[in-house]
Amino acid sequence: MTALPSSFDVTLALDIVLLVMLLVVAGAVARTRSLLAAIIMFSVYSLISAVWLVVMDAPDVAFTEAVVGAGVSTIILLGAILLTRGEAERPDWRRLIAPALACIAVGGLLVFAAIGLPGLGDAASPANAYVGRAYLEATPKDIGMPNVVTAVLSSYRSFDTLGETTVIFAAGVGVALMLGFGPRASLAPPSAVIGDHHVVPRVAAKLLIPLVALFAFYVQFHGDLGAGGGFQAGVIMAAAIILHALVFGLRETMAAIPPRVARSLASLGVLLYAGIGVICMMNGGGFLDYDYLFPPSVEQQIPGWLLGDSEHAHHWGQHFGIMLIELGVLLTVSATMVTIFYGFGGRTVEAARQEAKQ
Amino acid sequence: MSFFLSHFNYIAVAILMMAGLFVLFSSGNLIKRMIGLAIFQTSTGLFYISLAKVFGGTAAIAVEPGSSEARELASRLDPAYVAQYGVDGVVYSNPLPHVLILTAIVVGVATLAVGLAIAVRVREAFGSVEADEIDVLSRVEATQPGPQA
Amino acid sequence: MNTGELLIFLALAVPLFAAAAIYAVGRMPDVRETLTIIACIALSVITISMFMRVGAGDPPTLTVARPLAGLEIAFRLEPLGALFALMASLLWGVNSLFSVGYMRGKREANQTRFYMCFALAMFAVMGIAMAANLFTLFIFYEVLTFSTYPLVTHTGDARARAAGRVYLATLVGASLVLFLPGIIGVQIVAGSTAFTQGGLLPGRVDATTGDILLLLLVFGAAKAALMPLHGWLPSAMVAPAPVSALLHAVAVVKAGVFAILKVSAYIFGPDLISTLPAATWLLWIAAGTIVIASVIAMTKDDLKSRLAWSTVGQLAYVTSAALLPAAAGLVAGGLHMLVHAFAKITLFMCAGAIYVATGASKVSEMRGLGRSMPIVFSCFLIGALCVIGLPPFAGMWSKFLLIKAAFGTREWFTAAAMVISSLLGLLYLAPVALRACWSRLAMDRHAPSSVRRRARTGCCGADDHSCSMCRAVPAGGWRRQLSCANRGEGAMSEGTQDVAPKEKPQLGEPGEHPLSVLLFSWMRGKLFFRLLMAGLSALGAVLIALEVVLSHRPVTSLVNMPGFFGIFGFLAFGIAVLSGWPFGKLMRRPEDYYDTRSGEAGRDR
Amino acid sequence: MIAFETLHAAPPALTAHAPLLMVVAPLIAACAAALAPSARVSWMISVTGSVFAAWMALAVAGEVARRGVVDYVIGGFAPPLGIALHIDGLGVMVALLVSSAGVMASLYSGHSLTTEVGAEKHTLVQSGFLLCQTGLLGLVATGDAFNAFVFLEVSSIGTYALVAIGEKRDRRALPAAFNYLIMGTIGATFYVIGIGFLYAATGTLNMADMAARLATLDDSSVVQAGFAFVVVGLGIKAAMFPLHGWLPGAYSYAPSLISIFLAATATKTSIYLMARFVFDVFPYGAAFGQAFVTWVLAPLAATGAIVCSLQAVFEKEIRRILAFSSVAQVGFILLGLSLATVGGASAGLFYLGAHALIKITLFMALGGVALSLGARRLGEFAGVAREAPWSATAFAIGAASLAGVPLTLGFLAKWRLIEAALQAGAIWVVVVLAIASLLTFLYVGRMLEAIFFRAAPAGAPRAREAPVGVLAPLWVLAGLNIWFGLDASLPEQLANSAARALLGAAP
């Protein structure tokens, strides 16, 4: 089966153009010595790859890459260089030989293998014809949900997602251990940083933050139907809080959501996720088998109109289960992102203080 | 030429990965290493997504069978192709790698956060984020006795 | 548990319990040493009753544990082992009495550790003696190594630590690299390592495997100090005299030759041994060891060093006996092991007594001392004559049996080596005592006469040829004697320094006996070395030339290559020498890596 | 001798879910520990979670002994669509190892953390420790290749930070943790790339399914590259020579709780996963896999065993000695596995278990003493035996076991390795083992000489004996070293069934 269209194809053209742009940006990151430039380039890299992902029919991934790669990663990186320094030292060219050789060797192996891969877009390749296709066919029957990616993520491979949520939680624990403690009293008052004359951003932020939070909820609950889900929503929710911290100062935000509460929420999210699994188990199913989310006596009480579609009524367990675990993911991701920001942000102010003293 | 086009993605992604790895290996600056690592991980995601693309496919969000949208999507393609590879008359891209890469991206940002947090602490402890300078200071440290509890 | 098993259990439990008890009462020296003596007596009673029971009925067997499928830690009483256990336990008692005197006299540190390790070593020896299989024997063989390591390094100075490192590295290295693979090989080939009457392996191995296993097992038992794995023994003589006695007479080297005897008798069996070419090679090596060690012993001025080299030679007698293709060899070997133990412990105790009393450790310093310490030197003479094998001492019988067995199996070379070595022994051991008694005191005119008088009171030790006795000096007198001895020591060394330049030039080293000077002084000339090198080169050339003519057992097709053996031999020799170099470097390198200098500065920051 | 066939450790309702509960119990405990109001409570939660996981691992062990393999489907979707846990004899062995190490470490943590980490961080440290345990157990239990990656990361991410908090004692913990993070992430990413190639070739992620499909495929460049990436990735994680650079630092400077747990488990689980890929997933009969084992794995393992033992001989800091020794011992384990016989695999896995026990003993004893002394270098440990005899003796037992002194577990482990090598006719392996063991003796001798036979310099700080809370688990472990040295039927049984599970189908 030929993989390529016979005529010129817009998708392929976009694909190639975007990849070339990615190559250029990656080269620029490698060359630049200014860390700020490298971070901005990396942000651009993420954004371009998000666009490329849309072209490649992966809107969910594109969404995540945009919020995580271009959003959160950039914030963390900027926070980090604020605390360290802005220039990288130029390495001696002789010390580039060994890395270059290693990279050429690994790259050679990759290219060697890539030549044996089926061509781009081959619908008959093992990757696309076997399990991938099976998901597309089985999802309407098993889950009854249009977004197959969400279905696979939260139901078929829900254990992966539990692990992934745990990774996020672990990152929160790690950052809190590294940066979360210390002389918190030295937090600078917001006026010293922002000043009262920054009225415009404050008013704008007051307007924006609820909207951003609302959008987060939209992304959260729309995940069944279109691109979106707990991760993206969680990051967006965190963005709202981070915006608050940026405009009103970390102390205000910490007063509203103390670091300890943020950490607790992160762990509660994972607990919620794992708890759903255990409930399914206690009702006689396997771990995370949402068909057993509620015992049969409860099942009969659920009115048919709740899901809006009688045809999908037998998927009630799946829907509720996915909703609940996505909620757990949202909690963990947003709380962890806030925790991470607190870590870096708290340090930022301290560092600024220390430098002012000297 | 056709072979080159159909495998261009893989080769480009391989080069991107190596660019990330090169930044990681060649740079002595811890922050820049983390950037390299992030590029390396992101590019790995691009590789998976390339695998998942199906020619003529659409995102794996089910289109109502028989709807106008489904008809419009099918009309662009050879009916035999749709019949063979479509699900309910629509050809979708493979959702599984998307799911995997969603996970991988999240793992990537987690790694980035922890790595940068450690880098910040390194700066606070050693006053530098350049690996060479830290090495020198570490070697000095090796001759110092440990603190007594 | 019947009586036999109970005896086995007690023989193991008594020394182990003694070790624990000694540690527990370490702060009370009198109680500690009483405990040691009581344990010695108890163990002797046990081993004597074991010895009486041997041969009556089924040998009692005691299985303690099965660590892995097919492996057992088990004990069984058999004649050779009972003999070894008896010998060791009796000598432990004698040695303990001696140690009390020696250690107190020298005011050594860490005495509790000393007695505890000694008891542990006896525990290991009992395990070795009664082991029912090679696996058990190996375990206790290693326990012996580790429990004696603190004894060898007892003084704790740099020299002792270096000796300890050589000791441990050689013994552990050989047992890891050679002994253990050999045992595992036996396990794989025979499915068991049990000591079996008439041999475990006959009928189960081909000649090549048998050769390899024999080489691994005999060289692996490095405690037997067969050349080239003998280096640890002379270097370990830095240890205190009771420890040397333990190493040379009671436990360590005897455990080595005992292991070889057991392997030969119960793993291979005399019949299989007689068919293995490796046994012949080993006999040659043993013969070489006998002669070379005796020659080296002649050149040593330090008495303990001389005795150590003598031990190397005498052990090779036992090894030879074990490898002679006749059961008679085993009997002779067992007897020689016993006799040598009693004789050597006498000699080492005498050396210790001389050292405690006068501080003299070199043969050259001992001239004339016999006049002040006649009992000690008489004992020394008896021990020496026993080692040499002169009638009417016990050594005669074992040597007689050994040489007879060698002749009986037509191993002329071995027989010749034994005879030559006995003659050499006559040259290097007997004169020590004779010259001490009949020469004038080395520092006669310079040392205060009180030294001699005090030296006389400090000495202890009595002996007849097969049983040693030790006279413990009443505790009250120790301190006085000690201070006298120390003062005497100081005075004597001063005296020696004064004397040295005035001594009239001699052909040999001071104290070297005239026969030795006569025989060997010519070796010290340059011409001799040139001649020697030329002779060796010529010999080598002849051997290489012979290669072309002689035929060999074809092992691989490579053998057909012209001059293969010459080249192979040269390369192997070169590799052996060169590989010794980095290892030696490793062992002797300065201890900077311990970080002592900065460490000391560091810990008192 | 425990007959696992008749072991019913848990009621049937729990046993049915035991494979999963083994993984999820520490996870829930981790969340609870993070919420705990005080350090004491979090410690109790940690102990409870670890004990529960170990209990479940025992229940799984009984099931595996009866049924051979335990599969547990998650979410009600059978593989290849869903994710299933898949535990065989090998998995049980490693799971028991990890969970019991977790119990020991958590018991120990009650006292060690108070001196090594600020009090405000205790709850989070316990949480991170439990997450690490979750990750390792999940890695062992899972039957899905990508799920294994996720758990690999779960176990790693928290650990990086946990290593880094060793900065309170030694600031070198920070660069070491950073290095560990970089190398660990590269390893995990390589693994993901390899899985990507395998997925491209087979279309599935379930390991059993993948194995079945690979068996029908021709040896293509895609599969070979997948193999290479998976093995290199896991090789980094397993500290396989020469990819071990991260390990000495990470083990040396971490708080002792973390060194204890990592030293006993982290590289072991990666070796486990690598073994599953090399022998189970890839058709071992294929010339490619065999060539890899013979010409790459075995020589590297041998080189690692010798070179790293040498490095340990010349190292000055006592924890670095142990860390280099760990790398060398990984070489021993891989040498056993590379024999590719049931005997060899059994010996290698036996060694794996033995080494875990030995290293946990050593690091725990060291932690107990070093806590009060603050010492790092060998010279500073002079005379510790007088001041802390119980810890020092336990250390000596562990060290003797490491060196392979008879009557200890380590000796039997070496015995089995040499026996397996001789049986497989691999004389050169015996030679390598002998040389490396000799070097092991050297560095073990150096450590013991410093601790036992050297007097502390005047004015040096005095070590205090470790508290009972440390000594109790420590002496349990030291006792196990001796007990198994006298009767190793339990580990032998586990290793044998593990080896059969691993190589049952191989020639």
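Residue numbering begins at 1 within each chain, and the chains themselves are lettered A, B, C and D in the order written.
Methods note: a contact is a pair of C-beta atoms (placed from the backbone, for glycine too) under 8 Å apart; a residue touches a chain by one contact, two chains touch by 3 or more.
Predicted, not measured: the structure shown is a model, and the values here were computed from it.
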*When you average C-alpha coordinates per chain, which one falls nearest the overall C-alpha average? Tell me, please.*
D
*Across the interfaces B-D and A-D, which one involves more C-beta pairs in contact?*
A-D
*asked:* Can you work out the whole-Å distance between the CA centroids of subunit B and subunit D?
replied: 29
*Taking each chain's centre as the mean position of its Cα atoms, how many Å separate subunit A from subunit D?*
31
*Centre to centre, by mean C-alpha position, how many angstrom separate subunit C and subunit D?*
44
*Hey, how far is the Cα centre of subunit A from the one of subunit B, in Å?*
12
*Which subunit C residues sit where two or more other chains touch them?*
598, 602-603
*In subunit B, which residues are in touch with two or more of the other chains?*
17, 21, 30, 51, 96-97, 100, 103, 107, 110-111, 114, 117-119, 121, 145
*asked:* Two or more other chains touching the same residue: where does that happen in subunit D?
replied: 146, 150, 153, 157, 160-161, 164, 193, 199-200, 205, 316, 375, 377, 380, 461
*Going by the contact rule at the top, pick out the subunit A residues touching subunit B in the complex.*
3-5, 12, 15-16, 19-20, 22-23, 26-27, 29-30, 35, 38-39, 42, 45-46, 49, 52-53, 56-61, 64-65, 68-69, 72-73, 76-77, 79-81, 83-85, 88-89, 91, 95-96, 98-100, 102-104, 106-107, 110-111, 114-115, 117, 119-125, 127-128, 131-133, 135-137, 139-140, 146-149, 152-153, 157, 160-161, 163-164, 167-168, 170-171, 174-175, 178-179, 225-227, 231, 333, 340, 343-344, 347
*Hey, which residues of subunit D end up touching subunit A in the complex?*
17, 20, 24, 27-28, 30-32, 34-35, 72-77, 80-83, 118, 120-121, 124-125, 127-128, 131, 134-135, 138, 142, 144, 146-147, 150-151, 153-154, 157-158, 160-162, 164-165, 193, 197, 199-205, 213, 220-222, 224-226, 228-229
*In the complex, go through subunit C and note every residue touching subunit D.*
64-69, 71, 73, 138-140, 142-143, 146, 150, 153, 156, 161, 165, 168-169, 172-173, 176-177, 180-181, 184-185, 187-188, 586, 593-596, 598-600, 602-604
*Touching residues on subunit B, where the partner in the complex is subunit A*: 2-3, 5-23, 25-32, 34-36, 38-39, 42, 45-46, 49-62, 81, 84-85, 87, 91-103, 105-114, 116-121, 123-124, 129-130, 132
*Touching subunit C in the complex: which residues of subunit D?*
313-314, 316, 375, 377-380, 382, 400, 404-407, 411-412, 414-416, 418-419, 422-423, 430-431, 434-435, 437-438, 441-442, 445-446, 449-450, 453-454, 456-461, 484-489, 492
